[in-house]
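Note that the chains take the letters A, B, C and D in the order they are written out, and that residue 1 is the start of every chain.
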Amino acid sequence: MDHILSLIVFFPAVAGLLGFMVNKDSARAYGISVSAIEFLLCLVLWIGFDGSNAGYQFVEYSPLIPSIGMSYYLGVDGISLFLALLTSFITMIALISLSIEKDVKNLIISVLFLEMTMVGVFLILDVILFYAFWELSLVPMLYIIGAWGSAQRLYAAVKFFLYTFAGSVLMLVGILYMAFLYHDATGVWSFALPDWYLLQIPFDTQLWLFGAFFLAFAIKVPMFPFHTWLPYAHGQAPTIGSIILAAVLLKMGSYGFVRFSLPLFPDAAVYFLYPIAIIAIIMVIYAAMVAYAQEDMKQVIAYSSISHMGIVVLGTFAMNAEGITGSIFLMLSHGIVSGALFMLVGVIYDRRHTKLMKDFGGLASVMPGFATVYGIMLMASVGLPLSIGFVGEFLSLAGFYKVSWIMTLLAGTGIILGAIYMLTLYKKSFFGEVTHEENKGLKDLNGKELTALVPLVALVVILGVYPKPILTTIDMSVKKMLVLMEKKAIDPNTSKFIINVNSIGGTK
Amino acid sequence: MITLTHYLVLTGILFSIGLVGVMRRTNLLMLFFSTEILLNAVNVGFVAVSKYYGDLSGQMFSFFIIAVAASEVAVGLGLLILWYKRNGSIDLNSLQMMKG
Amino acid sequence: MYEIIAFYIFSALTIGMFTIVVLSKNALYAMSALAGGMIFISGFFFILGAEFLGVVQITVYSGAVMALYAFGMMFFDTTRDVKENIKNKKIAYTLSILSAILILAILCAPFFSGAIQANYPSLQNTGNIQMIGLVLFTKYLVPFELAAIMLLVAMIAGIVLASKKMDLEEEMSEECDVVKEVK
Amino acid sequence: MEKFVYIALFAPLLSSLLVALFAARPKMLFTGILASALIGLSMVASFVLLIDVNANGALHVKMMDWIDAGNLHVPFGFVVDQVSVIMMVTVTLVSTIVHIYSIGYMDHDKSFNRFFSYLSAFVFSMMILVMSDNFVGLFIGWEGVGLCSWLLIGFWYHKHSASWAANEAFIMNRIADLGMLMGLFLIYWQIGSFQYDIVFAAVKSMDITIVTTIGTFLFIGAMGKSAQFPLHTWLADAMEGPTPVSALIHAATMVTAGVYLVIRCGELYTLIPHIGFAIASLGAFVAVFAASMALVNNDLKRIIAYSTLSQLGYMFVAAGLGAYWIALFHLMTHAFFKSLLFLGAGNVMHAMHDELNIKKMGGLYGSMKATAILMSVASVALAGIYPFAGFFSKDKILEVAFNHGAYYLWFALFIGAGMTAFYSFRLVMLVFFGEKEHPKYGIHPHEAQPFVIYALMPLGLLAIIAGFFEHSFEGFVTRLLSHYEVHLSHGTEWALIAGTSAIAISGIAFAIYMYSRGGFSKSLENRACYKLLINQYFIPKLYAMYIMRPFTVLSHFIWQKIDVKIVDATVDMIAKIVYGTGTKTRQMQNGNLSDMLRWMIVGMVVLLALAIFYRPMV
């Protein structure tokens, strides 16, 4: 168990390299088994994880370049544990559902490399390496969209790449400046995140650094108005690309907020709380309305992702245990639900080669199984209680209520608007008579698709009914982080604010 | 009293003359002449600085510049001859192969 | 006093010579003027107490380089006036003057000149050439050797290039022409 | 006793899941029987619990933890006390009958199995709603019944109107749910718990403005579920669902959830009588408002739906004025006779081949005696004639309004009672008596299967006798709910009863008189007020025009104009600027050495300028 994190991070990449030697016909089986092993490793990690320990566990540390303080530093806590699990799980499910024939070996290798970078982002504690993984994750995705996408794939791929890349440049500057500050304060170079946590930064500097990190994360999330790469990327990406993009890549941004923005710059986070909350609310409402206007099923889900990520951001910036725990749980639930929804769109796209809602109608009578699974995912997406979507949304909104009730009310319209666009989508595609002749002969879900979807459905229900083990683990680490934030805040008002939003009573 | 400034002004003037040549001339040979002027102008500057600050590094630089200039002339003229053999002209405007 | 007179005379001469080089239409005049200008430059070196460099300047530039140019010129048959088609003279002059002013500003600005410190102050009791020898073969030994190699390479390159047979290229270009005609 | 709690709660879930296994298969009779049996089991367990609660008091069960984050702890906990057990009994009783009835009603439907799965799921959600011991648990049921309502209204999803109505119902409920959610958040941040007992203990010592806010937010939630104005339009449209659904969900149980919530939070609302009065006023308004729409409507089910709406208004009056046990009592009796009315209407629909226009019926008494009698009984009960169930509960509500000094409310309710009597008997007359219209449309009505009629018998019986349990009911429920003291003299009370009965009877008499003589003249239909009523005060059209259409237009505008043309175009423009600069500056590379040298010198000049003007370290 000593090196399990290294194993988890690099196993997919090594397996991906070996994958070049695998026969083309068995590539898919190879990919599935590799990702399954990776998932099992993550499960082992969870089993071995000490739920009562809020700090980093399974820490691996070895200096890489001691003169500048760069080190190979891995560790997992309650916040990152489940995101890593989600990554490996979604990758496995996505590979199981894979229906692409063209050049499938290269695709699988790309996915495995992508998995390494994603898991790496969540588990690494050295900021320079974090940045490396962060940027590296773009490359396989660029390749997946650009090589296996639909007609406008190159435009979409390049847009995705350049947009997110441009955003993270500033983050690099921020990272270097942060290291410089650390060196100034301690006389030692270090890029280790836990070291940085201990650093108190002057208020003005915090504002600038927060901004530098914010842009990178905001583009990744994606926050309004930096979201326009997402519809293109989703619209053009192959199903597997969309699944991973929505389920995991977006979470890297919101994870960044939790991992970097809040604990490193508590004063700035509190200072910028309202502007960010306003952006998040705009995201929620705006994206929901745009989603309602869409004609393409996949775009609806793409915009709904933006809307849901708005609530994630809101929960994160609630600055209390309820909100942050809720937002992390919402990341997980959104990963599962949106992944499943994209997979479902992929299922129908494989059969009909169209995603436009007007080409469907009455699918419920032709494909009852498909309609049922879709319905369950839809209900999870609109946040029905006892489905996975409710818990996170409820906690996030509950958390933010303490900060501002009116903003929570506005963001809460997301649950109304979410119902509107989702139900409209469902009505247009699944209800009514079968109007198109081609749709009459559509086959219901086959074995492969069921294998991929049934675990997702099961998770949606199980975690909706019993989210406690995950919540308590996350909660532990979140509380530790909040204590840290409160302690290191420069401005006493920040500390007061954090204590206030974490205590019961006195709300209007 | 001649100060360093005098020399530097002179250097500036000479260098500008060289620049005028570089920009004005389209005959390649003349262009070479202009570059020689540039190099010499810099040499004067170096030596002057070397003198007024009592540091021999300036002279050393001049020395190497002269060496470089000599090599440049050798190689440059060789190329020029080659070009002339091929095109019958050493006018700059005949050299448009690098048009992007 | 003599220094002042010498400086102004040489300055005037050098500027004059170089102006001729830049502006003259006749290549021969230009070359002659350049050779003269080189010699006057060496005059500055002597004034500045850099006798060694002065001598090198005369021998290398006025001797070797100018001789090379002269040979080149014979080859190109540039006794006729050079026909040049010069565009945008104003830009050229403006840029030159601008750069001159900027260079002066930089060189004369006190913040810059004040920051210079002598690394290898010349010793008063030793001669210039002796000093140069000392510095050249200690501190600058490697660059010196490299310069030597560079000169060697340049010499060989010059010989090879100048004596290269152009037959192959000519044949190729002829072929190209044939192809073009066929088209 | 715990096991009975679990049986009552999970038998419906089990039924739903078991039947769901066969959902995609063609009709299988046993699914219906299985579902009915399991719901029946749940009913039996509920009755056992009723007896137990009566003997031993409330029962509290904590199953497991659900959400646990920060200071927020929500368990799956259930409380079976006097209020919830009454609800449980009502819900399971009506559900069982509706299930049995549906075996007959859905006989020819190809999605027979699916129907039972949904129906049982609904019962499960409703049970969670009433049994939960905390607000979030209530919210689970709250949303769960919303989901099942969506599924069941849109059960015949191939009909555009059905799926539209389903979506409308769900979305309107969501709007209200947001209000409720806000109430929950406020409760949490004030008190730190969602448990009823803790919350109600804490509100007593809280700032009154905050209690008011909580009360308002919660009532907004109740308004959606109970279809109070202005969120009422979905209920009439929800009649697109199969009739048993209308009977169970949109008459007896789900729509009364709002009333249940107010009753459940009685301790909170007693602290804020002004909000209570507002609730009562809204209730009285809806009682008249909905009844007026029922007066002219020709759609069999919509009439009953508006009647439901109107009766919900009555319940809110009682609940708002603090007479919680009366509200609960009316809720229960209403569940019996209204579901009976709906199920009878279902029989008529079947007989008429899904024809809903009552103008096209008439004289059905000849072929459907049993149904006619049952529906008449239900109508009489609805109208509030002694000794039927409606008399006892409704009369009490009027009494409460009068007692409270809210004479306007009383008068509204009084008028409403007259209207109720009129439209109920208009329906009965037009459907069962009068001239036979249906042969013109080639329909030959027939009575429903006998077991369906037998299944309705208990409801008929309850509609007649439920009122006599008034005093034992009061005694039982007021152990938990507050008493309501009526300070009226006996004379006034009798006068009120007489007055109400008089207006009800005259309403009935008027209806019988008019419709036995062929109804009103056609010319009435051109009157403005008739138009207003038949178009439901133009409210649905208003919503379509001023909410839905602008929303759609705005959404398209945001997408096509703002998102594509502004936000995305800005990004693309930045890219184009970069790209364009590249294309433009490429011309610098024209291959002319002279030009390149010039550019070089320009670069040098720039660098020199930088060297002068930019000095970071000085």
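Just so it is clear, a residue touches a chain if its C-beta (ideal position, glycine included) is under 8 Å from a C-beta of that chain, and two chains touch if they have at least 3 such contacts.
What you see is a predicted model, and the numbers here were worked out from it, not measured in a lab.
Note: the chain lying farthest from chain A is C, by mean C-alpha position.
A straight line joining the Cα centres of chain C and chain D is 96 Å long. Centres computed as Cα averages put chain A at a distance of 36 Å from chain D.
Centre-to-centre separation of chain A and chain B, using mean CA positions: 61 Å. As a whole-number value, the distance joining the C-alpha centres of chain A and chain C reads 64 Å. Taken residue by residue, chain A touches two or more other chains at no position, since every residue touches fewer. For chain D, residues that reach two or more other chains under the stated contact definition are 598, 601. In chain B, the positions touching at least two other chains are 19, 23, 25-26, 93.
Touching pairs of chains, sorted by label, consist of A-D, B-C, B-D, C-D. Every residue of chain D that touches chain B in the complex is listed here, in rising order: 586, 589-594, 597-598, 601. Chain A contributes residues 159, 162-163, 224-225, 227-229, 286, 289-290, 292-294, 320-322, 325-326, 329, 362, 364-365, 368-369, 372, 379, 382, 384-386, 390-391, 394-395, 397-399, 401-402, 405, 408-409, 412-413, 415-416, 419-420, 423-424, 427, 430-433, 465-468, 471-472, 474-475, 479, 502-508 to its touches with chain D in the complex. Residues 3-4, 7, 11, 14-15, 18-19, 21-23, 27, 30-31, 34, 37-38, 41, 44-45, 48-50, 52-53, 56-57, 60-61, 64-65, 68-69, 71-73, 75-76, 78, 82, 84-86, 89, 91-93, 95-97, 99-101, 103-104, 107-108, 113, 116-122, 131-132, 135-136, 139-140, 143, 147, 150-151, 153-155, 157-162, 164, 166, 169-170, 173 of chain C are the ones that touch chain B when the two sit in their complex. For chain B in complex with chain D, the residues that touch the partner chain are 19, 22-23, 25-26, 31, 92-93, 95-100. Across the complex, chain C is touched by residues 1-2, 4-21, 23-27, 29-30, 32-34, 36-37, 40, 43-45, 47-51, 53-57, 59-60, 62-64, 66-75, 77-82, 84-86, 90-91, 93 of chain B.
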